[in-house]
Structures are given as C-alpha cells and as structure tokens.
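Down below is the structure, laid out as structure tokens.
In order of appearance the chains are A, B and C, and numbering begins at 1 in each one.
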Amino acid sequence: MQVKTALEVKDLQVFYGDKHVVFDVNLKFPQHQITALIGASGSGKSTVLRSLNRMNDDLARVTGAINFHDVNINDPKVNVYRVRQRIGMVFQQPTPFPMSIYENVIYGLRLAGEKDRHVLDQRVEESLRQAALWDEVKDQLKSSALALSGGQQQRLCIARTLAVQPEIILMDEPTSALDPVSTSQIEDTLVQLKEQFTIIMVTHNMQQASRSADWTAFMHQGHLIEFDKTATIFMNPHEQQTADYLSGKFG
Amino acid sequence: MTPERIDKIATGIILGLAVMVGLVILGLLGYILAQGIPHISWHFLTSGAESFAAGGGIRDQLFNSLYLVVLTMIVSVPLALCAAIYLSEYAPDNRRTRLLRLAIEVLSSLPSVVVGLFGYLVFVLKFGLDFSLLAGALALTILNLPILTRSCEDALRQVPYLQRQAGLGLGMAKWRVTTKIVLPAALPGIITGAILSAGRIFGEAAALIYTAGQSAPVISYTDWNPFSPTSFLNPMRPAETLAVHIWKVNSEGLVPDARAVSNGSAAVLIITILLFNLAARFVGYRIKRRLTK
Amino acid sequence: MDDLQKQLTQPSPESHQEWTGKIISSLAIILIGSLVLAILVFLTIKGIALFTDNGISIWRFLSQTDWQPSHQHYGALPMIVTSFSVTILAGVVALPLTLVVAVAITEILPKKMTGLFQPLIELLVGVPSVVYGYLGLTIIVPELQRLFGGTGFGILAATGVLFLMILPTMTSMTVDSLNAVPKQYRQASAGLGATRWQTISRVIVPSARDGILTAAVFGMARAFGEALAVQMVIGNTAVMPKGLIESSATLTSVLTTGIGNSVMGTADNNALWSLALILLIMSLIFNLLIHLVSKKGVA
C-alpha cells in the first residue's frame, strides 16, 4: 500500500548546549496514520517529537530539515506560530487553562481572530465530539475546566488542539499521567481521529504502541534504529537491538 | 555536665535572650504607639502643620506621602513588570543577562541617601524639576524598581512551565502566553509584592529630602486642576512627607510640641505600614481563592 | 506557492505580538540597566571632581582628620572611621542576637507560634528607619545621658538605633536559611542520640553558615548606608570620635546636613560628593562580599 507522507524529517540532529542528543534521524510520517515513537527514557524520542513543531526552539539547537507541504519548517524564518497551529501538540500532563470548558476549547480559535459566535459554538461541539468528551460535558460547558477528572482534562486538551483544525497532532506520552480506564478511552479516541488527522505519539507503553499505532519507530541513545509497520516491529524486527528492547533485555 | 544538662541550659539561655530581644523591640514600638495614638485625632489628621506654634496637624504630609506612593507606583509597576517579564520569559542564559541581574542587585543595595543625591543631581537640577513630587517619585522609583522587579519575577516563575507549554503548543506567541496565561496566574504574587513595596516607600525619607523637598506649601484640596500651582494634585510642587516631617521636626525643633507631633506621626506611619502589610496578605489570599475556585 | 505555504512563511498577528512583547520588555530592562550605569557614572564624575578640579589629593582626603570645608580642610577620615565603627558595632551586636532569636523561632518554639512571628517580623522589617531614629532620639539618647553623662549623642546611640533597624531584616533572612536546612539532618542527628543543643550547634547552624553570614553582611550594608536615623542620634560633629558617647558624624550624616548648605560646583560641595562616592563604592564592596559569602554555599 502506497501512503502519502504528511511530514518528512531529514538528517535531524539535536544538541542541548554541547551535548549531542539526537543523531541523523530520517523519517517519513505517513498521512492519516498513527505513528508511535518508542524507546527507553533518554533515547531522544520526546526530543524528536518536540522538534517537529519547533517546541524545542528555546531549549535546544535543532539542525536538519523538517518538510511540511514542501516547506522546511525548521527554517528560523518560517512562521513558528502558524506551524504550531497546523501541527498541534498534546502534552504528558493535562493542562487546562483556569477558565471554562468552552473557553478552553476555543482558545486557539480566538487567537486566530474568529469571533462569529455560531462558528465558535459549532467548533466546540465538533471538537469535543471528536475527543469523545461531548456527552460528558455538554451540560456544563460554562463551568471550570479544572473541575474535570484527569482523563477528561486530557481529552479537553485534545479537543483544544483539534479546534484549531491542525493536520498533524503530536502527542507526548498523552496517557502516562492517567488511569487505565481513561487511557483506553483516549486510545479509542485516537483511532477515531486518524480518519482526519495524522497522529505522531511518543509512548513508553509498548502495549499502547502495539494496540493503537500503525507504524512504529524505535529509538535508542539518540539514534533511530528501526522504522516499520507496527506489526513488523513487534513480530519480526530486523534489528537485534529492537528485539532486545521489546523482550525487556534493557530499557 | 551531661549533654542533657547542657541542652537544658542552652535552651534556657536562647529562649531567655530571644524573649528579651523581642520584648525590647516590641516594648519600644509599643511605647511609640502608646505615646502617639492618644495624639491622633481628627484635628491632627486634617489640619495643616504649624511652623512655630503648637497644635499643628499632618494633613498635607499624610496626603503627600500617599500621593507619592501612587505616583511612584504608576511609574515603577509597569516598568518593573516588563523588566521581570524579560528576565523570566525572554532572557537567554548568557553573560549579558547575568550582567543585567548584577546591575539590578547593585541598584537594590544602593543606600537611599545615595539614590536621593542622584535624584537631586539629575531630576532636580539637570532636568529642572526643582524640589517636586515628580522628582521625589522618580527617586523612589529607583529605590522601588529592584525590589519590585524581583518580586514580580518570582511571581512569574512560580507559574508552572506546563501552562506556558500548553499555550505555545497552540501556536500562541510567547508574549500572548505571558499576558493571557502567565500574568493572570502570577497576579496574586505581583499584587502582594507591589503593596509591600508601597509600604516601604511610604516610610522612606532619606531619598526625599533633596528631591521632593522639605517644605509643604499651602495647597488647596478643592483645586482639581493638576497644572495649577496650588492644586493638591500638582506633581510639580515641593512636598514634605510624613517620614521627612518626623525627621525635620526633630532636627530643627522649631515647634514647641515637636514630641507630640512626632509621636503622633510615627504612630500614623507604623499603623499605615501595618495596614499595607495586612492589605498585601488579604489581597493575596482573596485572589488566590478566587483563582483556584 | 499555494496558500498554506504562504501562510507558513509569512508573518501573522502572532508574529507581531511577539515583536511587541520583545520590544516592550527589552526596553524596560534596557532602561533599568542604563539607569544603573547613569547612577555609577554621574556619582563617579561628581565624586572625583574634588580631586580633579580642586586639586585635593585623594590620599589627603582619605587620611586627614580635619573636616572644615569652610577652611578648605577636607579630611574625611573622621567620618570614615565613625561610619565603620557604628556599622561594625551594630553588626557585632546584632549577629549573635539574630542567631539566638532565629534559632528560638525555628528550632525551639512550637511551630504554631512561628505563624505569629512571621507577620510580626515582616512588620518590623517595614518600619521606616526614621521611626527607629526617633526612638533613638527619645529613648536611647536620654537613657545614655542618664547612665554615662554627657549629651548621650554619639556612636553608641547610633549603634543602638542601627541594631534595632537591622535586627528584623537579619532575623528574617537567618530564619529562612535555618529553615532551608534539610529536615533529614535534624532527624539523622537526633537518631544518633544528639540533644537538641548538639544538633543546633553542630549540624544546623554550621550548615546554614553561609546564609547567616549573608544576612550579617546584608544588615551591615544597610547600617552603613543609613542616613537619617543615624543623623538624628550621632550628634553631627565632624571630628575623630573620642569615645562611644561623644558627638561625632558619619559619612551619611554629613551628607544629609551638608548638601543643602553648600553651593553646587564649589569645592565644599564637591567634597560632599566625594563622601557620597565612598558610600557608593562601599555599597559595591558589600555587594561583592555578599556574592563571595553566598557563592560558597552553591559550590
């Protein structure tokens, strides 16, 4: 099956000060698929993810090209705010802003200058439905987002990202702070979302990668070791290091 | 002697000395308050000072002190806040930033009389502001800036990075993240710091005697035109503050009831500072409660 | 280029926001930086005028004991000696007592009472120095006069006033540094059978040493620069101090009384600015000291 590429990474290198932490990563993220980045902590998987929408700008030096619609978005001249609107990010810790659920969801839209009440209402419902949160909160849109449970907060953060209508959603261990029930709800949500979005997520949870991801990239000590269909990586890895990691020999 | 016995003796000595020191300080302050509070009357607070006769009040000095605090805050709060935003949100970790921090530290350690002399030299003489509220406010701003910048920066830094990251991840500019997300969350700390620093400058005297001056000319509280020379709002008029008044009454001693006037003024000064402290606590507490609700 | 590519490569309202923010906040910090520079430059220029324009030698200025501007005698030594005397005396008295009060608050008194001390110390820190000066004038000076005779004005009275003034600040800083000593140290020491006093004297105070010293230097820096409170009780006679209860004068007290009584640009006036320069330099030195003392704690 030939799949279109949503985002292409070429020769990505990342440095924290003098410390070289990511070496020569080349990756093509397939469109409308879920790609999981796995590896031990410190393998550089989160660093790669955060480089994809320039969240590392203040923290690290990133070289190489990240091509998105034929634009190298790693070029400092590129409008980083638009990049982040097109390539959204959901973080490890749910971080709703201290305001109502409704205001949280439309926050990004408001920034983009959208004022039409009708459009905003519609987008709130749409995003919350996509994030599988609508039914739980539709009667309390005006109440504070901080009153929601951890899992609900994280789905609210997903909805907040979706509301800006990005093409790609980056997720940095989106369920690591959640209980198993919330985790499986979010995993279900992800599978729904890939109809419309390309999803790239970092996870330390191997089952999560095998359950939800179509593609899996394995990283070790800053190097990309192997990238293939999830089934291939888990059942029949080409590299010994991948096999060792999956069988729990290190990590 | 056993260690237990030494422990008992040492504890006794420490407690004894500590209680003594505490009692001395509180006793002295209590003495001032006890002497001063009976002298505080409506008449004392609302009538003008006398130059040579007894029975003068502190109306103008009290107003001048408060007005100076307001003027100083108008200048210093925006400036300190923006500088704090630079330091906490934008400043790269390099030599230039360290130098700027050092500069702010130097500023905060300058004796207030030195700041007053600089104000005299630059604001009063070079800028031609003469002895005026404005010159005084600028001198107080110099004293206030480092403290306020630091407390604002502390308040900003208390806001978790996760909140900023969430905003940045939505494609918000850092400035927008700062003003819309970080600043509201840091507000209780910023306001508390501002009120405490206001209390400090309320009692400042050394920086003012050669900037705001030591005289309290006749002013009219019904003249609301800030450009009129006799208006109470005119920032270009010289203005003796309460703290300067205490110093002046005692070092020149031309009024026969200097003791009574000073006692009353000192009591008013201490009570006002107490009010500032209470207000800072109260505001910080209220806003924190509102935000976490 | 299609629309999306254009969007990605061209500025948006967010970019303008970012520029606004950078410019506004940089301007503020640049202003503060230039202010500090201006203070240092202006005060230095005024401060050295006595030596460059009026031909007085720095050495004579610093070493002569005769301060009579009206007779062109510019010996600043009496004020330097007095300033250092009051500062060091106040520091020497305040350091042990601060430590005692802070130890009592953090280690001995029940935690419930600590909540009471905190606001009290904060209030005392906020009491204006003029009030302390006035206390000195109305209580300490007459008391010294009663005990030792003479006028009561002098170094001892100033020491008392400065002690009262710096004690709250120093106590508050010392309390903070004692509280910063990890709880485990106390438990470990107690677990080895140490008494509270042994724990305090051998573990807690030594590990908070840098913070305590910083507090002391900080307090002394404030004492050195205090003007009005000292001026009210020192007596203001610019001669070498002959005793602790003889009228003398500090750098700050001479400045306070002198600036208003001399004409800008004259040698008399320049000599005063030279005193101000000494104050400025000393405040820089105190700053350096604080850095040296507290840096040791980091390493």
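Here is the rule we go by: a contact is a pair of C-beta atoms (placed from the backbone, for glycine too) under 8 Å apart; a residue touches a chain by one contact, two chains touch by 3 or more.
As the structure is a computational prediction, the values presented were derived from the model and not from experiment.
A.B. asks: Return the chains shared as contacts by subunit A and subunit C, ordered by label.
C.D. replies: Touches both subunit A and subunit C: B.
A.B. asks: Please indicate which chain is farthest from subunit B, where distance is taken between mean Cα coordinates of the chains.
C.D. replies: A
A.B. asks: Name the most central chain, where centre means the mean of Cα atoms.
C.D. replies: The most central chain, going by mean C-alpha position, is B.
A.B. asks: List the centre-to-centre spacing of subunit A and subunit C in whole Å, with centres computed as mean CA coordinates.
C.D. replies: 53
A.B. asks: If you average the CA atoms of subunit B and of subunit C, how far apart do the two points sit, in angstrom?
C.D. replies: Roughly 17 Å separates the two chain centres.
A.B. asks: I'd like the Å distance between the centres of subunit A and subunit B, where a centre is the mean of that chain's Cα atoms.
C.D. replies: Measuring from centre to centre gives 49 Å for this pair.
A.B. asks: Among all residues of subunit A, which ones touch two or more of the remaining chains?
C.D. replies: 81-83, 111
A.B. asks: Multi-chain contacts only, two chains or more: what residues does subunit B have there?
C.D. replies: 171-173, 176
A.B. asks: Would you mind listing the residues of subunit C that make contact with two or more other chains?
C.D. replies: Residues 14-15, 18.
A.B. asks: Provide the residue numbers of subunit C that touch subunit A in the complex, in ascending order.
C.D. replies: Residue positions touching the partner: 2, 4-5, 7-15, 18.
A.B. asks: Residue numbers of subunit B touching subunit A in their complex, please.
C.D. replies: Within the complex, subunit B touches subunit A at residues 162-163, 165-173, 176, 181, 184-185, 291-293.
A.B. asks: Quick one: in the complex, what on subunit B touches subunit C?
C.D. replies: 3-4, 6-7, 10-11, 14-15, 17-19, 21-22, 25, 28-29, 31-32, 78-83, 85-87, 89-91, 99-100, 103-107, 109-115, 117-118, 120-122, 125, 142, 145, 149, 171-176, 178-179, 196, 199-200, 202-206, 209-210, 243-244, 246-247, 250-251, 259, 262, 266, 269-270, 273-274, 276-277, 281
A.B. asks: What does subunit A use to touch subunit C in their complex?
C.D. replies: Those residues of subunit A that touch subunit C are 68-71, 73, 77-79, 81-83, 86, 111, 113.
A.B. asks: Per the contact definition, I'd like the list of subunit C residues that touch subunit B in the complex.
C.D. replies: Touch residues, subunit C against subunit B: 14-15, 17-18, 20-22, 24-29, 31-33, 35-40, 42-43, 46, 97, 100-101, 103-105, 108-109, 119, 122-124, 126-131, 133-135, 137-139, 164, 167-168, 194-198, 200-201, 221, 224-228, 231-232, 252, 255-256, 259-260, 264, 273, 276, 279-280, 283-284, 286-287, 290.
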